[in-house]
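Dropping the structures in below, format is structure tokens.
In the two assemblies presented below, chain A is common to both, partnered first by chain B and then by chain C.
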Partner chain A sequence: MTHRYERVIDVRALARVEGEGAMHVRVRDGAVEDVRLEIYEPPRFFEAFLRGRQHTEPPDITARICGICPVAYQMSACAAIEDACRVTVPASIAALRRLIYCGEWIESHTLHIYLLHAPDFLGYGSALALAKDRRDLVERGLALKQAGNDLIELVGGRAIHPINVRVGGFYRVPAPGDLAPLRERLRVALDQALDTVRWVAGFDFPDFHHDHEMLSLCTPGTYPIETGFVTTTGGLCFDVRQFEQHIVEEQVPHSTALHARLAGRGRYLTGPAARFTLNQHWLTPLAREAATAAGLGEDCRNPYRSIVVRAVETVYAVEEAIRLIDAYEPPPAPAAVVPARPGTGRGATEAPRGTLFHRYDLDPDGRITAARIVPPTSQNQAAIEDDLARFVAGRLDLDNERLTAQCEQAIRNYDPCISCATHFLDLHVERA
Partner chain B sequence: MVARRVVIGIGNEYRRDDGFGPWVVAELAARRADDPRLDGVDLRVSDGEPSRMLQAWSGADLAVLVDVAAGDRTGWCEVSLPEDAGPGGPVASGHAIGLGDTIRLARVLDRLPRRLVALVAYGREFGFGPGLSAPVAATIRPVTERICELVAAS
Partner chain C sequence: MDTPTLAVWKFASCDGCQLSLLDCEDDLLAVAGRVRIAHFLEASSDVLPGPYDISLVEGSITTPGDAERIRQVRAESRLLITIGACATAGGIQALRNQADITEYARAVYARPEYLRTLATSTPIAAHVDVDYELHGCPIDRRQLVETISALLAGRRPALPAHSVCFECKRRNTVCVVVARGEPCLGPVTRAGCGALCPAFGRGCFGCFGPAETPNAPAEAALLRATGMSDDDIRRIHRTFTVAAFEEAAPS
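Our next item is the complex of A and B:
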């Protein structure tokens, strides 16, 4: 008689990820049979209640999707609406948008590095436990994050859900003198960011690699943040307006977030590692030097090293913010005029967690008749599940408690924002 | 030397009773011109994000937190912190590091104000939109008066 052994691991609520999700793993006869990343946070219907709103409203409404990356939602919304209305904003407004986006990269990456991810590598259950032993480290993280918060607050009116962003630009723009104190604060933050790279580079990274196609915006001449062509490591390169021709979303039974796939190609990964792999040559010399010293090569296919990439991108964002402040000249007007017109507009920007796509259909009065939002986490779900299946397969000797803890760490590599993706973590492992 | 006093209204004014903290701060701001007890008091609104809360109250002699709790009771209560920071638990996400976790982190980092007081109303309606439920709106005046007493005594 053959004895069948089934093992089930259930993580019913993933810790230190943004939002509510679970993971279910079924192991049968010593082999991983099924891995499901289950997003059970209720759908929030943002796309539905954008319908009927005026074309000027998405930046304020979609900012509410996420408390960590509201600027990303505002910037992708503005880009899509302006595309629909055939308006291109002046370079000075585009530069100010990039500046506020740098603030979001700094605060979001630092939050994830210090409060959510680093404790995993150091054997702590939380940032609080880390702070009890290494107060200096957590203080450094909070100070660096604060620099990002301050930048968002100065340009955006407040640090969370900024209120100064509008279609076409801003309601008011800062005077050059307003930015001077922040520039001095960012000089200090640059040292803190470089120290962060050196710190995380010393972590012990498991030997684990993936072969996913990776996707990011690419902007010749600069590291992508608020604009670019959609580019993949597999050789695809297309305009954001063709996003929906190449990216196919599908409903899966176990998730309230849609799964996205590259048409005819399958799973892919977006996020810091993808951005770095496709764009590292556009980093500043200091950020590239820090990346090299931290051991990052030509590409980054070990998801555990994503924390190093986030730290390098934080260095870049701080430097870029300083550059933008130094070059800042107030726009002639705070915003370009964006008259309503019928049409369809598409916009994508690089949220801290990856490419964020928006599409809006407008009627002749500028009312939104349809909206579509494709956040990074839903694009990454299939790749995360594939990685987890291989990750669990190599650790079946662990008991459920240790395997669960390691699976949670593995998921945190991707900094999933479940709240953004809901249309996601508990770990359930079934061993049979 | 004048003591540094800060009042932090925690909440979201577009989620009904969750807007209690911001409403109280707005009431204090309107009242400041006529009430000398509020001179020099730092009035802030916060979503409760930990790093911003730490920044807001670090170095303060008195920090008054104004927040709302969901429950069946009506009225409001005063809680002196940090001795009673509430039950702890694992931090679920960056979205959900609660006030208790923030206070515990502040204690470890030696960034608690000298005195921390929370005035908490009991709310029931947390749907979308502005406006407080009548029972919560009725607590604005007594909570505002208690804040004035607290800052005047410090």
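Our next item is the complex of A and C:
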């Protein structure tokens, strides 16, 4: 008689992530047979209903894909449409775009560090629970996040779904004097960001490493945010216009998010760890020093340490915002003229969670005939599943409750934005 | 009285409206000190069982499972408040309501048969009784704090039903239609954002949905005068609250 041992772990929904999903793990004869990250966020069909819209509309519309990183959607949309219309914006507008994007990095990274991820390392269920014991820490996080939001509001009009971004640039640009109070605020935020790096560097990181190829934009001379070539740790380097030749998406039955793979190479990882690994020499000296002091080496292959990379990138974004404010000269016009023309345009920028690609096909009137959006979570899904399979395999001796909690933490390492990918977690561990 | 419990629920949405609660940085810990956050998955793994005194509901109903889940949320909630354009009007994803959902699915997914989705995206009030509605894409966090504070004090929240034009006047923003001929939905759009877009030199694009009793014919004439085609007008009406403008005042 065969002795069968079956156990199912069922968590209704994964908390502290942006979206809805589930995880299914099958264990047979003591070995992990299958891991599926099931994203059951209802499909919202953005790519379908963008068709028929005017080429000026995607920044406002695609912002609605995600409440946490709307600027990323707006910036990738603008880049793709301007590519289709063969318009290059003046450097002064590009600098203002980088400035508002710094605000989103500060806001999104701080949200993830303080409100979603750090409670895992400290044994709390939420930042609100943490605040009962360490109110000073949570207040620091909220103040830093607010500095990011204030920057987005100043340039973009609103922190969630900014209203001031348009194809070609902005509706209104700030006067130099408008930015001065914010600069003072960012000086305070810089100290808070440095304290954050020191704080998270002291967390206890499980000994766990991955060997995924990592992918990020690279912009020689600067840390990539709103532009760059697509580069991987495996030696690939290509123009954003070749993105679809190198990245293939496939649909799997268990998820409303598509899985992206590198053609002929397989799974890969994008996001803060990939950006840091490929671009750390372009960080500011202060951010690089903070990274070294926090124990980050030449690359970051321990997903748990992504929280440290986010903190380092927050330092960078605050410093970069201050530099951009100091160098700010109002553009001659708030926006470049982007006349409608037929063609296909592609654009990619570095959302806080990783590379975000958009493509639009335009007809002669500038109407969109096809749209394609590849968000970071789709790209990371296969790598996350692979990590989870190895992670679970090493922890089969844990009871259901602890294994569930640890899997949730492991998934949060990636800051998966499931709303973007189509949101989070029923965990089923089936042992047979 | 025991500390009231607050629950936050997500349906089809971008998370932006519940993020507005976390974006109340200065007020967040103050609010959290006056309610017991019993269910808020985006922010907390600590989940308490219902019933809940106040439920904030984000997102629209787009799957058979969610149509069932919202009934459970209603049954467990003393007050149910919908937050945002998705929950109050079906959201931008209600653009599917006038399209062929099978064709939409095929346009986005290679294997549409794997999906379980409804042909429509409908507001929460189409499924269950709703006590208050906060409009906006996203909601305005000052309105959210006002609403929670009012309910804790046992009074009705002060939520505007008038148009964005009033806010423009209060803000001393020069009218973008009169001064620059920009198309603007401000005269027919519900106030609440502080007349943000005109302050940045662009016309309102209606993300708070229609104000009460909008004068649609006058608005359409105004938009045509700024050079918008009927097609442009239809498109701008059918974006963030999709059919709400046409339903509020059929032309």
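Note that the second predicted complex is superposed on the first by the 423 of 432 C-alpha atoms of A that agree within 3 Å, B and C clash if a C-alpha of one lies under 4 Å from a C-alpha of the other, contacts with A are read in each partner's own complex, and residues count from 1 in each chain.
In the analysis below, contacts are C-beta pairs under 8 Å (C-beta built on N, C-alpha and C of every residue); 3 or more make two chains touch, one makes a residue touch a chain.
Keep in mind it's a predicted model, so treat the numbers as computed, not measured.
> Putting chain B and chain C on the same copy of chain A, do they fit or clash?
Partners clash after overlay.
> Please work out whether A:His112 is in contact with chain B alone, chain C alone, both, or neither, and reply first, second, both or neither.
Touch status of A:His112: first partner only.
> Identify which of chain B and chain C touches the larger number of residues of chain A.
It is C that touches the greater number of chain A residues.
> Once the structures are superposed on A, label A:Leu286 by its partner contacts, choosing first (chain B), second (chain C), both or neither.
neither
> Going by the contact rule set out at the top, does A:Ala159 touch chain B (first), chain C (second), both, or neither?
Both chain B and chain C are touched by A:Ala159.
> Check whether A:Arg172 is in contact with chain B, with chain C, with both or with neither, and answer first, second, both or neither.
After superposition on chain A, A:Arg172 lies in contact with chain C alone.
> So in the superposed three-chain picture, is A:Val248 touching just chain B, just chain C, both, or none of them (first/second/both/neither)?
Neither chain B nor chain C is touched by A:Val248.
> Look at A:Arg135 in the shared chain and tell me whether it touches chain B only, chain C only, both, or neither; answer first, second, both or neither.
Touch status of A:Arg135: both partners.
> Just chain B (first), just chain C (second), both, or neither: which does A:Ala333 touch?
After superposing on A, A:Ala333 lies clear of both chain B and chain C.
> What is the contact status of A:Gln146 with respect to chain B (first) and chain C (second): first, second, both, or neither?
Both chain B and chain C are touched by A:Gln146.
> Have a look at 59-67, 95-103, 113-121 or 131-139 and say which bit of chain C overlaps chain B after the superposition.
131-139
> Taking the two structures together, which residues of chain A meet both chain B and chain C?
Residues 13, 15-20, 67-68, 111, 115-116, 125-128, 131, 135, 138-139, 142, 145-146, 149, 159-161, 419 of chain A touch both chain B and chain C.
> Inside the complex, what are the residues of chain C that reach chain A?
10-20, 22-23, 25-26, 28-29, 32, 37, 40-47, 62-63, 66, 91-93, 95-96, 99, 103-105, 107-111, 114-115, 117, 137-138, 193, 196-197, 199-202, 205, 207, 232, 235, 239-240
> Under the stated contact criterion, what part of chain B meets chain A in this complex?
Per the touch definition, chain B meets chain A at residues 47, 49-52, 54-55, 90-95, 97, 101, 104-105, 108-110.
> Touching residues of chain A toward chain C in the complex: what are they?
13-20, 41-49, 51, 53-54, 57, 60-61, 64-68, 70, 111, 115-116, 119, 125-129, 131, 135, 138-139, 142-143, 145-146, 149, 157-161, 163-164, 166, 171-172, 250-253, 256, 258, 334, 408, 419, 423-424
> Write out the stretch or stretches of chain A touching chain B in their complex.
13, 15-20, 67-68, 111-112, 115-116, 125-128, 131-132, 135, 138-139, 142, 145-146, 149, 159-161, 419
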